[in-house]
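Notes follow once the structure below has been shown.
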Amino acid sequence: MNDSVFWAEQTWPEAAAKVAGGAPIFLPLGATEQHGHHMALNVDVVLPTSICETVARAVGGLVLPTIPYGNRSQPKTGGGSAFGGTINLTAHTFSLVVRDVLCELYRQKVRRIVVVNGHYENIWPAVEGIELALDAIGRDRCDGLTILRLDHWDLVQPSTIDRIFPDGYPGIELEHASVIETSMMLALRPELVDLGRSLHDGPAMFKPYDRYPLPLADVPPSGVLSMTAGSQAEKGNWLLTDVVSRMTQIVRDEFGIGG
Amino acid sequence: MNDSVFWAEQTWPEAAAKVAGGAPIFLPLGATEQHGHHMALNVDVVLPTSICETVARAVGGLVLPTIPYGNRSQPKTGGGSAFGGTINLTAHTFSLVVRDVLCELYRQKVRRIVVVNGHYENIWPAVEGIELALDAIGRDRCDGLTILRLDHWDLVQPSTIDRIFPDGYPGIELEHASVIETSMMLALRPELVDLGRSLHDGPAMFKPYDRYPLPLADVPPSGVLSMTAGSQAEKGNWLLTDVVSRMTQIVRDEFGIGG
Amino acid sequence: MNDSVFWAEQTWPEAAAKVAGGAPIFLPLGATEQHGHHMALNVDVVLPTSICETVARAVGGLVLPTIPYGNRSQPKTGGGSAFGGTINLTAHTFSLVVRDVLCELYRQKVRRIVVVNGHYENIWPAVEGIELALDAIGRDRCDGLTILRLDHWDLVQPSTIDRIFPDGYPGIELEHASVIETSMMLALRPELVDLGRSLHDGPAMFKPYDRYPLPLADVPPSGVLSMTAGSQAEKGNWLLTDVVSRMTQIVRDEFGIGG
Amino acid sequence: MNDSVFWAEQTWPEAAAKVAGGAPIFLPLGATEQHGHHMALNVDVVLPTSICETVARAVGGLVLPTIPYGNRSQPKTGGGSAFGGTINLTAHTFSLVVRDVLCELYRQKVRRIVVVNGHYENIWPAVEGIELALDAIGRDRCDGLTILRLDHWDLVQPSTIDRIFPDGYPGIELEHASVIETSMMLALRPELVDLGRSLHDGPAMFKPYDRYPLPLADVPPSGVLSMTAGSQAEKGNWLLTDVVSRMTQIVRDEFGIGG
Amino acid sequence: MNDSVFWAEQTWPEAAAKVAGGAPIFLPLGATEQHGHHMALNVDVVLPTSICETVARAVGGLVLPTIPYGNRSQPKTGGGSAFGGTINLTAHTFSLVVRDVLCELYRQKVRRIVVVNGHYENIWPAVEGIELALDAIGRDRCDGLTILRLDHWDLVQPSTIDRIFPDGYPGIELEHASVIETSMMLALRPELVDLGRSLHDGPAMFKPYDRYPLPLADVPPSGVLSMTAGSQAEKGNWLLTDVVSRMTQIVRDEFGIGG
Amino acid sequence: MNDSVFWAEQTWPEAAAKVAGGAPIFLPLGATEQHGHHMALNVDVVLPTSICETVARAVGGLVLPTIPYGNRSQPKTGGGSAFGGTINLTAHTFSLVVRDVLCELYRQKVRRIVVVNGHYENIWPAVEGIELALDAIGRDRCDGLTILRLDHWDLVQPSTIDRIFPDGYPGIELEHASVIETSMMLALRPELVDLGRSLHDGPAMFKPYDRYPLPLADVPPSGVLSMTAGSQAEKGNWLLTDVVSRMTQIVRDEFGIGG
């Protein structure tokens, strides 16, 4: 058990000792959501978990169990509810899970927390979960607590994006199940990707509004919002290197951990 | 009372008659939030309300009372809670208000609804409020109901952005209290703007992560996230013309209302 | 912006400065509810907002945005849900909005708050919202906080009631859309009243119990619970003078503000 | 067990048979709240339970267990939280209890329900509980359901009030722990009343507003809001006779039960 | 009123004085649930209330009003929802009632609380209600508070079980409406038991899993999970003597009350 | 991807096709909770996940992502909150997660669900989550839905228990981190067990009540409630064989799946 960076693989005295030693604790936020015909439903779990694992190893941290169900998929960012396989939580439920876990960490005297998100729709209810935890703890009683929150794709360097998309970047919202996610999965879990089955229907051209209950018809039937062509493990490694190195640096800087 | 487009200024028989006649109903979502030293706290109320008013007049619709308190301001998109004057609702409360109003409209046999948002942080809890309303109504009992949801800034044409920002657009998230909002306010309510007091601290350079409970120090102290220089009523009118004409077209197309 | 008493029309530094100077902050509670054939749906918004405006001007206070949707209308006090135009919040939602706004004021170091209600059905969920805010703040940490809560009609002097109703007062609950509200609206917003359309079906004779889901048949079809005959702007001014002067005195006395 | 009218004293087949036979089901709403130096804390439980018992016997109904904890006592209507002995539920909790019980009755095919309230502060959260139950059941699926709701004091005849208060009636809100409640308790449970200990501090003269968190000082220290002098079992019987006969008539009329 | 041990039968000064004197306060948790053809629906109210009454008398305590509606009956432990007469609360509602009552006791400076449960399905939501109260109070502000929680059947001595079940004990979960409960009711409230009507269908043979929404068919149609044969008041007295004496001892020991 | 039984490792068309083919869907409920000095914190995740995997393979089912955080650990069944490493959800949050996932499965037309629990404290909030899902779906609209719920330890045959505990079985509640769980972990994930570090303090002798906020001192400091001596992978295989074969049979029988 000794050299695992996963909280769940520690015994309780090991976890307690690492917390007492100031280990930063990483909470990955995932989802179970369609990612096209060519990738498994767990992309949003695999990516933040894997990134946290690498960073935690570098900074002496621990990675909590990934929350495997995410906030409701929306048509323009994940395809929405029309696709089989996607399992949504309501925003309130998701926020309460985040709140409860953070309150428990605080109770255990964890004061260095990094929330790492892998699912676009989680952003706002994760923020709300953090705010609810701070409300519950008491804003004036937070006693040294620092919670960092990030979306892994925001740590990619612009130069890497330029390298991957020499013809222009469609934007992160359209990147659902597309080149970035597919390349990272090829680098990390190639057995969960089958580019041979890849369907993509050209970049989605979304109208500038949403419609409910019947969503607009502009979600590509494949579930891929942009394109998969050009996905490569090598590009995935470029992306992962960016994210991991930037995140490691942020954690070191914020928590004063030498490297 | 007859020619008002505001729901609140109808008698009940007038409102009922217009609903029976298929009038689209607009729900503006606002906020009470700092907008720099040069603008009032009600920018996110004034803009969507005014836009809805114009569109409703064009399409024979009615505008509901604007929800005047929005979801929690966040540092990178509205300055966050450090500024006096900002009054936040929790995400759950905001979603419940949206849910309740939509359920009431449905009960009154309104079937054409347009939710028009003026505050960035409202996006996700507004989506959740719509989803909760559909859950409450019953997804299989929605009986002709159509809810459109949009953020007014998404209806601006790229060419207009290029015209206003010849040196490049900083992006909508940074546009808080900046040229776009200031110009639109100058066009609509110049008495609520005093460019002479305008302070801006250069475009915010945000780090790619959030920090809680003490936010990162990169929020400009003025509360203006980008810049106010160059704000003009004329530009405001360009923007408003774009938004209103696009929104009018969307409403006509979606609801089959001739022009 | 300088001489507005509306919170929403301040810049954030102006609002912050007035709070720091001890300005009492007024929160009007409204509703969107039928008020007969002769008045607009916004009576319960207009009246408390206008009263607060006058009092705030007298005592150096600020008026927050009025909550425009109220707790569920009930048959005997507002006609109930059978009338078009009425948009209800559930009691829990309404209480949470009040709670959230009060907690935000407390966080911003506001310690002098006046909650001014204009809709009968709001009374109890407003009380609950206040109690929930105190629970959230901590009863033993309220640190100088004083919240006053009042219903504007309770500040009318008995002698004025006698003057307006020489043949006897039907009671405030029956006054929905009747002489008191109509007269006050005539004084404040005559363009929202059309006495020529006024229908009233004689004072409601309510049975001493409620029935659900089909309410008792004793709600007058017009929505006017008592009568409109005799409504006059002059009477409205008598009423408003009473309310404003009494409320001003209460605020001065409670907060030690000289006059 | 056979001749008890209490639901709780039936075996399940007996309860089921009576429900199948169309028995009206009574739900008394009580409270545990101070009632002066001379009466026990259970006045708001004893009165509605006893009234329901008598009426249920007359109409072939059953009386559910009384909800023994009520919505938060307020200073002007029950003395508020400053008195020992009072145990408050929050409004939301109270509403949920009412909702849950009503939904269960509906599930068991009960279609004739009478909610009988004995605590002033319960009125609005009881209404909300009923509305929440109807929301949960589905407004368009209520299938013959009728819920009556009443406050027992509203069934007293004006002539009886005149007889008891020849010098004028202080109003029901001030009647907390005063002549009406005391007389009814003397008639029903004299062992829970000790007029010899009775303290009352003259009728409360309430200011026309509320104050939080420290309430206004105008609550009489005894907890009696009006007066106890003149309380008599005989008057209690007058009152109970009024309430029981009126309520019996209402139930017969509404449910078509012959007498 | 003086010698009653029921909180509800005290005047407020009496309750306050006893609390100030350190009286332990007992909160019985009941249910309204089928208990076979031979017993009333209030068994789970009668037993814990009666036990608390006796113990409170012995230790100078007070017994709060019993919560008369319990958490959802489940097929294997109470027969489930198929039986007429059972009125369930949802777990969340039940927990909120427990939370609210405990918070109110804390506010009144009660520091010695004993929660005594009489309904199997209440165990977990009662625990949750206690935890929620501690969350609301603040874990680090509990200031001498001690809450004991017990299920009365756990205080029976093994030797008594052996005496009553010489052929082997079926286990407490199966004891619903069976020999233990029936014997205790015969000892306490024989008029609510009619052994002549007793039906039992042999001990339930439950499969080791649950099924929803249609439960498994293995619930005995009588609602008696084990058997009623052999129920006797005398055995009830053995059981009650065990429970009362053990509980009295626990309360004395925990709270340092001499005997 | 083809031969994985994990939902998360399917593409969405694969998941949708298996659902359409009637595949039973398994939802494992786990926890992150101390399990002594010799086992990792993920025992309650590993065991139900692994069992589900084997059964799903046998019956053509799919295993959803395991909920990795469980309901609050209690002293007598999991050691409670005093141990480092344990991360609790509140009961309400846990129930909402279960509810949301089940509602999503229903929406996707899954009609055969098996909820498999690995953490004692999850039992009741899992039941509540199922009931809440049925409430949300509508009890009369469940349309062929069957949800089975089981705790894996209940499927062990008595003869196996006798074989493992020739000197008597301490009972499942005491089995936390003891011989049963340790043996099963040795069989499944021996690298997460280190018997050399095993501490156990003799079987816990619990008093027959709980105490809050300071729990009774009778929780063994090691966190092992019974004993670890005698744990062996072979015994683990006996246990797993029992559970898997019984569960396979139950699923086949309930869903009419041939073997």
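In this document, chain identifiers A, B, C, D, E and F correspond to the written order of the chains, with residue numbering beginning at 1 in each.
Heads up, the rule we're going with is that contacts are C-beta pairs under 8 Å (C-beta built on N, C-alpha and C of every residue); 3 or more make two chains touch, one makes a residue touch a chain.
Treat the numbers as computed from the prediction; the structure is a model and nothing was measured.
**Q** Could you label the subunit D-subunit E interface same or different, taking same to mean over half of its residue numbers are used by both chains?
**A** Counting which numbers both chains contribute, over half are shared, so the two copies meet through the same residues.
**Q** When I count C-beta pairs in contact, which pair ends up with more: A-F or E-F?
**A** Between E-F and A-F, contacts are more numerous in A-F.
**Q** Please indicate which chain is farthest from subunit D, where distance is taken between mean Cα coordinates of the chains.
**A** A
**Q** Please tell me the distance, in whole Å, between the geometric centres of subunit A and subunit B computed from their C-alpha atoms.
**A** The mean C-alpha positions of subunit A and subunit B differ by 29 Å.
**Q** Provide the C-alpha centroid distance between subunit D and subunit F, rounded to the nearest whole angstrom.
**A** 47
**Q** Could you list the positions in subunit D whose residues touch two or more of the other chains?
**A** 90, 92, 107, 139
**Q** Would you tell me which residues of subunit F are touching subunit E in their complex?
**A** Residue list for subunit F touching subunit E: 72, 74, 90-92, 95, 121, 123-125, 127-128, 130-132, 134, 139, 142, 145-150, 154-155, 207-214, 246, 250, 254.
**Q** Per the contact definition, I'd like the list of subunit E residues that touch subunit D in the complex.
**A** Where subunit E meets subunit D, its residues are 1, 6-13, 15-16, 19, 32, 34-42, 45, 64-69, 81, 83-90, 92-93, 96-97, 99-101, 104-105, 107-108, 191-192, 194, 197, 223.
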